[in-house]
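Each chain gets a letter, A, B and C, in the order it is written, and its residues are counted from 1.
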């Protein structure tokens, strides 16, 4: 399970760094600005989780996370300048990053022996905060909160399912893969079929 | 005093969760989005205080705060959908939350033996940050900073008064209630009579 | 070196508090609002650094930083109300604050034995975060990310140079002064001559 957390974490960092650069590209940021957005997107969620849990912040202890974020960001920047990446392709890697980070975050919190409800919220925070930071830094409205499509809800459902499956006796690794699949399927289905939850409808959205 | 901090803290969490959902309702957020805003509004101020003081974050250790925030948020969401709550009623609970959190935050910092000026600022941070997060997540301008009405000023005055009364020999509990009353009266009077402090007036506000 | 870090840190706090009040003045904030922006600008970068490194937050332990920030903020407010300060003079102190904080942040991280790449990023964070907080609180777009002029890039170059010079055998104090000069010269030259880095140019900036 530790190996799973490690490698899935590195993959999530790479995927999120990629989405950060793609988003920064829409705003004509320069190289360093794009790299910093990539770093914030890739490392933000796990950083907030570690601060809340009073753990050592993962990328301060192990430089490989920061290296992967910078290298992926640089490659994406070069590829995007060469127009090798369609600039709007980013909902898919964003959904993958959400799924990976949510499951890693939940697992880390469980191993830290937080109560289960707190652990599920740590999963959501780990999954969502990187993208929120990216949106704030790029001066977008954080879509996670405003849009009707399942985002945080998909992450929360996956985190709760993973915890429930572990409680029901399934192995930690199998529960993690199941939770990951649930987040990914819910999020992609929500994008494709515009699934929404009930909303409060006083007034109009801005 | 510990009991006072605990119960006043829970009350402040509930009141702030309510204001978070009311604000989210104006932006047509869905259920999970509104609950997350409620959680951020209810737990944000105390979280920043605990991180700055290097304490265990209060709601990670004791799940009851998170449960109260989610339950209050859910009830408010249901009531708001049934149009049982006038959507603009939220300055009063917001002022109550400000007063409760300011006093709890100051007391926690004093017990942690910070210098008095730092303790008063911790009270302001605990009182104000939840509402600032709510405003940022709902994409409003954080009114605490821009508007002329006493807000952070009311919190700071109450925190300083509470510390001064304790130094003058008043019991901790009595000082806390006095400080709470000062914040609440100043804030409500400022709303009612549009009390303001001197401002810098170069240019025009946006 | 400890004395250098201490005094340069205090100077950086004062300079950043000044820029915070000048920026708040453009938004007609009142006295307390302007002081809080000053405090956030002056203490924000070092706070994030200390949280990430799991150090004691510098201004919570030593009240003098907070006192300097408040006193400088108050003086600036009075001077600005008397129109003794041209409201647009703030790029110079902002550049000085960037240089001072970057070098202090890098040095603190090195003494905390982080890997070198992490240490350089800590320098950038310490230098940049205060100004980002100021811009967010004043509801400006954080210029550090959007504008083509070297900002974070200047900080990063100075931090890396300082680390490299130390590795090459130069004394810590001399390396610090050299790094500081590099940040300042790059930033001021970028303002004067509009130096920029390559940018991603899909679509138009907002």
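FYI, a residue touches a chain if its C-beta (ideal position, glycine included) is under 8 Å from a C-beta of that chain, and two chains touch if they have at least 3 such contacts.
Remember, predicted model here, so these are calculated numbers, not experimental data.
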Self-contact between copies chain B and chain C, residue sets same or different by half: different
Chain A onto chain B, rotation angle from CA fit, given as a multiple of 5 degrees: 120
Centre distance in Å when chain B and chain C are each reduced to the mean of their C-alpha atoms: 29
Residues of chain B touching at least two other chains: 51, 54, 136
Interface residues, chain C side, partner chain A - complex: 51-54, 114-115, 117-118, 121, 124, 136, 141-142, 144-146, 148, 150, 152-153, 156, 196-206
Chain C contact footprint on chain A (complex, rising order): 21, 24-34, 36-37, 39, 47, 51, 54, 56-57, 59-60, 63, 66-67, 70, 77, 80-81, 87, 136-139
